[in-house]
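Pasting a structure below so you can have a look.
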Amino acid sequence: MIQRTLLAAILLCVLALPGLTADRFIILQSTTSTANSGLLDEILPKFTAASGITVRVVAVGTGQALKNARNGDGDVLLVHATTAEQAFVADGSGVARHDVMFNDFVVVGPADDPAAIAGSADVLDALRRIAAATAPFASRGDDSGTHKKELSLWASAGIDPVAHSGAWYRETGSGMGATLNTAVGMAAYALTDRATWIAFANKADFKIVSQGDKRLFNQYGVILVNPARHPHIKADDGQAFIDWLLSAPGQAAIAAFRKNGQQLFFPNAGRP
Amino acid sequence: MQEALEALGLAGRLIVSMDGDVLEIVALSLQVSLTAVAVSCLIGLPLGALLAMTRFRGRNVLIVLNNALMGLPPVVVGLAIYLAISRAGPFGVFGLLYTPTAMIIAQTVLVLPIVTALARQTIEDLNAEYDDYLRSLGLGIGGRLRTLLWDGRTGLITAAIAGMGRAIAEVGAVIIVGGNIDHVTRVMTTAIALETSKGELALAMALGIILMAISLALNAATHALRGDAMRRMYA
Amino acid sequence: MLDPADEAPLLELRGLTYTATTATLLDDVSAALPATGVTAIIGANGAGKTTLLRLLAGLLTPTAGEIDWSLAGSARRTAMVFQRPVILRRSVDANIRHAIAPLGLNEAEAARRVDEALAVCRLDHLRTAPARRLSGGEQQRLALARALARKPDVLLLDEPCASLDPQSTAAIEAIVRQAAAASTAVVLVTHDIAQAQRLAAWVMFLDAGRLIEHSRAGAFFAGPQTAEARDYLAGRLPPIAPGDEGS
C-alpha cells in the first residue's frame, strides 16, 4: 500500500515537471547587476507581452556568462565588459555586439572612511590612497565585468593590488552582492556598479566615497550567440529580443525603470 | 537580533499569505528533491543490498569509492554535470541544461552514494542475521534481495531521509545546472542565495526558515511512518 | 552395527566428511536414513551433530563423501528449524508465506498451507501479529509452522527446545510427533536424552565426528553397544580429544 502510494507520488512528480513545455522561450545569459537590480523583472514582461516570447534569465558574472554562451548554453548575452565582448564576436562565438545602455561604477566604503577619499572625483587618486593607507578593499576576484574594470583601474593607478592579496586586498571570488556583503562585514572599500549598489539592501553605514570619474563609465552590450556555431540557438527569437531592446519601446522601458526613486540604467543604443 | 526577528515575522507572513511565488519555489524544491531521492532509492537500495550480500574482487574498492562520493562537494557535482550536459558537452544535444531534469540528475548524483552506503550498512547486518535461514529456504538472489529490502525497511527509510536532507539543502549543484531561472528552475536554496546576494538578508532568512519548516515536516512525517512500521512489524 | 534402513530409506550418507580449516568436524559417516519417523542425533558437544544437520540442509558442502538423495525422488525438499529461529520482521502469516514462496504454489494452495500450518502449530489467534513480538515458545512454533508449510521430505531440527520452558517444549514435541506420524522424516539434534527417548524411533550416536552407533531407539537406550555411548548416557565425561569443540 505504502509502496503503491509512493510510486504514484513519484510518477506525479515526474509528470508535473515544468521546463520542458513547448512554450516559446529564449535563454539570456546576463550579468548579475541587470537581474539583481530588478531591471529585467521590470522590462522582460513588456517584451513578452509584445512578442509572446518568454526570456529565461541565467544571472551570473560576466566571465561565466561569456563562457556559458561560448558553450552554446544561451541564446543571447547581456553583459558589461566591452573588450571581452568584442573578442567574443571576433572569434565567431557571437553574431554582432550592440550598445544597449550604460550606468557607472562607484567606490563604496565605510562611513568612517579610513583612507579619507570621500568626495574624491578622481578614482585613481582614491585607489592610490586606499593602497597607501592599506585600508581593506574587497575585490570580486571572479573575472566578472566589474572585476575586469577594477583591475584596469588599478593598472592605470600604477598599483599591483594582487601583490597584496590576503593583506589589505581581499579577493572574494564571488558575485557582486556577496562581495558587498563581505565588504560591509569587514569594513572594506569595494567597486560596484551603481545599479547593484542602489538596489542593495544590506548597506549598513556604507556610502559612495568616489564617483563621477569618466573612467567609471559602465557600458552594457547585447550579443546574439552565433547560430552558425551552435545550430540549436533560437536565432529568430533571440534577434527579436535584441531588436526590441534596441528599439524605442525597449529603450524607453529601460529609462523608465526606477529603484528607490532613482534611474539605474541609461539607454544609449545606436550611439557609436 | 533585530534582523532575526524581522526574518521570523517575514517568514510567518509569507506562509500565512501563501505567497504565489514562494509556493511555486517550494513546490519545485520538493518536486526536484523528492524525485532525486526516489530515483536514488530505486537504484541505491538494490545496489547497496547487492554490495552487502555479495563478495567479489574489487568490492572493497567500490565501497571505499562510494563512501568517498558521499563527501563530494555539490559544486563539483554541479560543474561535472554542467560540462556533461552543456551544449558543448557530450550530452548537449538533449538540451537538458537549465531544466529541472538537470537539477534532478545533479541531486541524484549527490544522494545516490548516501542511500547506497546506508542501505549497504543496514542490509549487511540483516544479511548476517538471516543468512542461514534464507539459505535453508533455497532462496535465489532475487528472493533474498526482496526479503532483505523489505525487512530492512525501517533502516532504509532512514537512508532515504538522509538523502532527502542532502538534496533539499544543497545549492552548489542546482544553481549551476539549473541556472536559478525565475519560474523555471528557482528552488528554495537558490532563491536564498539570490536574496543574500541582493543584500535582502531578512527575506533570505525567512526563506531559510520556511525551508527548515518543510524539512521538519518531512522528517516528522517519515518518523511517524517509520514508527508505525516498527509497531506493526517489529519486535 | 545393524542397518536401520531395512524399511524404505530416504537418503544415504556415503563416507560423509566435513573438514573446517583446523579440524575434521565430521569423519567418514555412512548411514541410511529412514523415510519416516524421528531420528535423533545425540552426542557430546563437538561430536559433529550440528555439522551433520547442516550438511543435510545443504548449508555446508561436504569435504568428501556424498549425500544420495536419489531415493527421495529428484526434488529433495528439506526444512530446517534452528535453535534460535530467525523470525522475519513481518506478521506471523507473512512469515509462513515467505517460507513457501520459493515453492511457486498457486494462491489457493498457498493459503491452504498457511491455514493448515497455523492450525497445526496453534498459532491461529496470532495470525496477523508482528512475529517478532511473539514469546520464545510461540516463535519456535512459528519456525515449525514455516517448516511444515513447505511439506518437506525431511524436517531438520537443531535443538529446537534448547531455550524453551517445559510447557513450550511439550507443545513443540506434540507438533513434531504429529509431523512424524504424517509420514515426514524428522532428524532431531538434541542434548535432551529424555526428549530423544520420548520422540525418536532411531538414534545416531556421534562421538568426535564419527558415527559410533546407529540403531533403533529402544535398543540403544536399553543397551548401548559401545563404551562411548554408555559413558555418554551415564553422564560421564568423555575422554578429551583435540579438535572437539566448534561444531
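A, B and C are the chain letters, set down in written order, and residue numbers restart from 1 in every chain.
Convention: a contact is a pair of C-beta atoms (placed from the backbone, for glycine too) under 8 Å apart; a residue touches a chain by one contact, two chains touch by 3 or more.
Just so it is clear, the structure is predicted and the values come from calculations on it, not from any experiment.
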### Query
In graph terms, with chains as vertices and touches as edges, which category applies: line, ring, star, complete, or other?
line
### Task
Skim through the chains and flag the pair connected by the most C-beta pairs in contact.
A-B
### Task
Among all other chains, pick the one whose mean CA position is farthest from the mean CA position of chain C.
A
### Task
Please report how many Å separate the Cα centroid of chain A from that of chain C, as a whole number.
79
### Task
Express in whole angstrom the distance between the two chain centres, defined as the mean CA positions of chain A and chain B.
32
### Message
Quick check: how many Å separate the C-alpha centres of chain B and chain C?
### Response
48
### Multi-chain contact residues (two or more partners), chain A
none
#### Entry: Complex contact set, residues of chain B against chain A
28, 31, 34-35, 38, 86-89, 92, 95, 97-101, 104, 179-182, 184-185, 194, 196-201, 225
### Message
Residue numbers of chain A touching chain B in their complex, please.
### Response
2, 6, 9-10, 13-14, 16-20, 27, 32, 36, 41, 56-59, 68, 70-73, 174-178, 180-181, 199-203, 230, 232
## Note on the structure
Note: in the complex, chain C contacts chain B through residues 57-59, 78-80, 82, 85-91, 98-99, 101-102, 130-133, 150
### Message
List the residues on chain B that touch chain C in their complex, please.
### Response
129-130, 132-133, 135-140, 143, 147, 150-151, 153, 231-235
